[in-house]
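Next come the structures, one after another.
There are two complexes below, and they share chain A, which is joined by chain B in the first and by chain C in the second.
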Partner chain A sequence: MVQSKKQKYTFLAFCLVPTFIMFAVFTLYPLFSGLYYSFFDWSGASQDKEFIGLANYITLIKDAIIPNTIIHDYFLVITKVIGIMILAMFFAVALTQLKIKEAPFYRIVFFFPNIMSVVVIGILWTFIYNPNLGLVNSGLEFLGLENWARPWLGDENWALPSLVLPSIWAGIGLFMLMLMGGIANVSKSYYEAAEIDGANQWQQFWKVTLPLVWPQIKISVLYIVITTLNGSFIIVQVMTGGGPNNSTHVMGSYLYQQAFVQYNFGYGATIGVMILILSLLTVLILQFLLRRDKVEY
Partner chain B sequence: MKEFRKSRWILGLLALVLIGVVAACSSNDESEEEEATDSSETSGEGGISGDLEIQYFVGGYGDTWWKEVIADFKEKYPDVNVIEHAGPNINEEMRSRWVSNDPPDVVYIDGAGSSETQMVEDGQLMNLTEWVEGIELDNGDKLIDSFIVNPGKFDGDIYSLPLVFDTWGTWYDRALFEEKGYEVPTDFNSFMSSMTEIKDKEGIDPFVTSGQHPYYFLRGMLYPAFGAAGGDELLADLITGKEGAWTSDVVLETMKKVEKMQQEGMFDQGLGALNHTQSQMNFLLHENAFIPVGFWLPNEMKNDIPDGFEFGFIPSPMQDAGEPFAIVPDLRPLAIAENAENPKAAKAFVEFVFTRDYAMSFSEHTGAIMNLTEVDLTQSDKIPSYLTEANEMINDTEQVQIYEKPHPMSADLETPIGNALMSLMLGNMTAEEFVQEAEKAAETYRNSN
Partner chain C sequence: MFVKRSIGQILGRTGIRLPLVLWTIAVLYPIFWMFLGSFKSNAEIYRNPWGIPESFHLQNFVEAWTNYNIDISVFNSLIVTAIGAVLTLVMAIPTAYAIERINFRGSKLLFTLYVSGMMIPMVLGWIPLFFLLMQLNLLDNIFGLAIVYAVSQLPFSIFVLTSFISTIPKSLEESAAMDGMSPYRVLWKIVTPLSMSGIITVTIMNAIQFWNEYFMALIFLQSSENYTLALAIDYISSEAQYTNAWGTLFASLVIAIVPVIILYAIFQQRIAKGMTEGAIKG
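The block that comes next holds the complex of A and B.
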């Protein structure tokens, strides 16, 4: 039976309209109301609001804490991208190419942190970093490196780097699986051909594996960047609350503090607009940097 | 034509579903409002009836006292239907009600996410100045003359009545101190010598507080220190961010004491990351010997107290030798919403709560003090000894001076000062740098208001 045009459009509308309405209600509306509230002086706890134009944006530019939160965010982005991609790639190659018998077991172990809530991970690592009872300091003492032991999360210089480790640990599993999927799709014949040509494992990785899983790598990097810019707030909030002395505040946690602790909801919304703009810019720049012609052999 | 009709039918159905969803969302509020107006029309005994919504935070003091009071209230006013909104996150949960101008009738302001100052600034609380004058206690005493600490005033008006008299002070384990013969501090010098001795003999950093909440140290140690050094006036200047207050000599001298504590290694090295519970747990586990918190400590941690641990409480010993201890009470008030739907019942409830009998039972239930004078805590054997002793001390002006702050410090000022304070306590800032930072924060605060 041939579908009439009407039928086709009805079906399309049936599929798209509810989705669009949901998207409008849960994404577009909050987006624009966020923008709207950024022009008001509002505590977020009452009905009183006062229109103040761009005053919140002027405060934003003058706020000395803002540049630091941006630096902290991008510090996390860069360290996480490097850490997660290197380790996930390493494990993915090891589990697919090296023919390890226990590969399924390791796959589960590495994926395990992904099914845990970030809040649980944060609390777990708070205990690991505990200066008196924690694994890290006890381990260092056991190795005779007492001088290296320090109150990791309570130190203005070390708190932020200390957040990188749990973030990487929590992220590896998912991206490892993605890369493994990519590697599994690479035809064995390429490796056989490479071997006949005398390429060693290392050369096979650089010349065959890496170019062929590039699309997966690109998606992984973008995904890590976006989730970090939008979601690093959780781990900061759970583990340090932005302290000590703002040394771990990221944009998201600072937004939360302004909007819900200091009752400057309008200013919080302004920070939200800034996060949106920075995330968009970052993704656009990354798209440009990571563009690379699709490789086919 | 047939298809056309069919597609219209499907679109129509879709629209219907959507309308249904929207209507379902909004109909809730309407029915609630109807109920409220219905019930307030049917008048009961004494004209007080209808729904009464009470919002109260449940933290370290628990909720048993509230349950008792509300049950008694229901007995006295059977026509009033009391709706309780309670829990540790109640301030967050009820926020949307306050924003949409549909607040509960009575609110007990305490815990994270609540700010009396903010509520008054937003015009959410009823002005009680005239009404409170007429309230009398059972024996005929005027309520307004029977508070330990008077209600906070905003431009001369009263918007809330202080219910709980809490005070931050310094806690120690009395059993440990008696066993090892450590000195219970009486002023800053003896505090330092006591901590030095403990540091040497126990091998621990003697002092702990929550670094995630720097205002614990501000309220627990510095307010009393400022009170002792400059009285109510200095406290008021610092809290309102008056120009030059934070850079004044008395403040710098006090901050030098904090710097000294840091330099001599009295602060727990890991305190920068500790949260509320972790810091209190550290104290109970003898990882540290002193902690500045309020009266909630024993009740909140009652399941984790090691055997043989005995709570001892002193006002924070930051004052110079020869001076009396200083206490700056921290009050948790009860207030009525400006837009309360049932103000009559709300007033009846507030009046009902402020009695000396309930003050006694409050101390029994919570281990803290209700803000009424002439409550003889020694009458009850259910009240812990630290509380009767603290109560006695507070009432003895030779030992302890009470200083009052005009109102709590705004979070906009407290947050940056707390951050700088944490830096000072971690040894990354000097006292001089701290007062400059604080003065800067005060300037920003003044300009934003």
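The block that comes next holds the complex of A and C.
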């Protein structure tokens, strides 16, 4: 290309600088600034911002609610990973390997909740769990299991597990598609070879499908973990607001409550730093645990 | 022998279909039920919460539209979605093009920086962002929210657009540059039209994201005349605890979901592909 160095750099600056300034101002600066805020006691009014060193972090360690929020977050992570991966894998295998005519229909339906708003999902499921009108309790009564009926979201022991089902319901489609993409890339000849060797369908699944779609499984698990740790508070906020009696608070919803409801912005930022560190650590550990040499036959 | 085997196969097929059919019902029934509920009166919702409405009346929609200011929040959501989606493109296309096609030092690093933005929990940044918007007079302002939305989708958009631009043959740009076309015109007249498919995918994904978004709107908007649809629905939902205006709530849920259903019906494959690609970044 015939253009001077100066022209090239002007064009480059035109392409990169405005976008980067926006990204720096609205993403990078707030993140680092959040780190900085965590060393202050601050209720939002600019005059009473007081540097208190690590005091927020000491409060964090002593705060009896914090360990529960962490446990709740990881409870959601683990149950979602197990629930979504098992169902998504089952559906992905069924829709690719079993030559079902109406497979595209299932694919389209199962994916749809992935693009629904969390608000709509949350309110819909709040209604499904409604103690008087809800589908769950009506269903249990219909089956003659009245004793099992309970105010699901109002029960301290059941509120958090009740949040798992909507999350799985809303998440499965995407991971099913990712796994289907992986299975579609596995050459038919492996299955033919396995069949000649006398492997039944179950053995084929364990020995052929699973190892060969391992990269997709790994990405799916990581993605579920990241999106849950970074976003589980949204469904919590919509469905329970952290209640009853803090039994469903996750780290993010507790941050919201501390910062934007009780105006402890410094302490809120400290919780944010904890979320950042925990989610980065979790991803690193997971990447180490899930490493497995690429299988090639 | 032949007959026996096919019976076994039929049974196997039915067995495998059962979970598929059950999950289809689990997905579709609540959504259908939400539509049905939006046509029922409150009394009927109590009497017959899960069945077909006795008569279809539109009172709930009228109520939501006029008494609960859904009209204003639909308008706000449309503005935020449109401005956010356009702004994302204006910022993402030049950067994606430069990262993919121009050799400069640090291009890999810049790309990594943007893409890692997809993995960072932004909730920490929302506290300082709140005060930043306040200083810029953009707090409780739908244009401020649109800017925040646009920047939040930059990592995803740059990621998908770079991979898309990399599939365009270089020769077209080179010959245009030979003919004396400036790089700005190459970007605008050659690269942008050729990556239109990628741009459409990214825009649909971003638009759905902005239309649905709830939490940033909750933090950055305060007065009810600025509420987006998600906030208005959340408000109606918390009101309904006392007013029992469930029908109105369902009508507003339907208003929120219909545009998404229409987009999904038209662009189903694009959306599915865009989302899976966005997730497979490792």
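Convention: the second predicted complex is superposed on the first by the 268 of 297 C-alpha atoms of A that agree within 3 Å, B and C clash if a C-alpha of one lies under 4 Å from a C-alpha of the other, contacts with A are read in each partner's own complex, and residues count from 1 in each chain.
By definition in this document, contacts are C-beta pairs under 8 Å (C-beta built on N, C-alpha and C of every residue); 3 or more make two chains touch, one makes a residue touch a chain.
In this text, all values refer to a predicted model and were calculated from it rather than measured experimentally.
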>> Going by the contact rule set out at the top, does A:T27 touch chain B (first), chain C (second), both, or neither?
In response: second
> If you stack the two complexes on chain A, which partner ends up touching A:Q237: first (chain B), second (chain C), both, or neither?
Replying inline: second
> With the two structures laid over each other on chain A, which partner does A:W169 touch: chain B (first), chain C (second), both, or neither?
Replying inline: second
> Which partner does A:W148 reach: the first (chain B), the second (chain C), both, or neither?
Replying inline: neither
> Touching A:F260, do we find chain B (first), chain C (second), both, or neither?
Replying inline: both
>> On the A-aligned overlay, A:A159 touches which partner chain: chain B = first, chain C = second, or both, or neither?
In response: first
>> By residue count, which of the two partners contacts chain A more extensively, chain B or chain C?
In response: C
>> With both complexes superposed on chain A, which partner does A:V118 reach: first (chain B), second (chain C), both or neither?
In response: second
>> With both complexes overlaid on chain A, does A:F14 touch chain B (first), chain C (second), both or neither?
In response: both
>> Quick one: is A:S4 in contact with chain B, with chain C, with both, or with neither? Answer first, second, both or neither.
In response: first
> What is the shared patch of chain A, the residues that chain B and chain C both contact?
Replying inline: 7, 14, 18, 44, 126, 260
> Any idea which chain B residues touch chain A in the complex?
Replying inline: 3-4, 6-7, 10-11, 14, 18, 92, 95, 98-101, 113, 115, 118-119, 121-124, 211-214, 269-275, 282, 287, 411-412, 415, 419-420, 422-423, 426, 428
> Residues of chain A touching chain C in their complex?
Replying inline: 1-3, 7-8, 11-12, 14-16, 18-20, 22-23, 25-27, 29-31, 33-35, 37, 44, 87, 90-91, 94-95, 98, 100, 105-120, 123-128, 133-135, 138, 169, 172, 174, 177-178, 181, 216, 219-220, 223, 226, 229-230, 233-234, 237-238, 252, 255-256, 259-260, 265, 268-269, 272-273, 275-276, 279, 283
> Once bound in the complex, which stretches of chain A touch chain B?
Replying inline: 4, 6-7, 9-10, 13-14, 17-18, 21, 43-48, 126, 129-132, 150-156, 159, 239-241, 243-246, 257, 260-264
> Once bound in the complex, which stretches of chain C touch chain A?
Replying inline: 13, 16-17, 19-20, 23-24, 26-28, 30-31, 34, 45-46, 49-50, 91-92, 94-95, 97-98, 102, 104, 110, 114, 117, 119-132, 147-148, 150-152, 154, 174, 177-178, 183-184, 187, 208, 211-215, 218-219, 230, 233-234, 237, 246, 249, 253, 256-257, 260-261, 264, 268, 271-272, 275-276, 279-280, 282
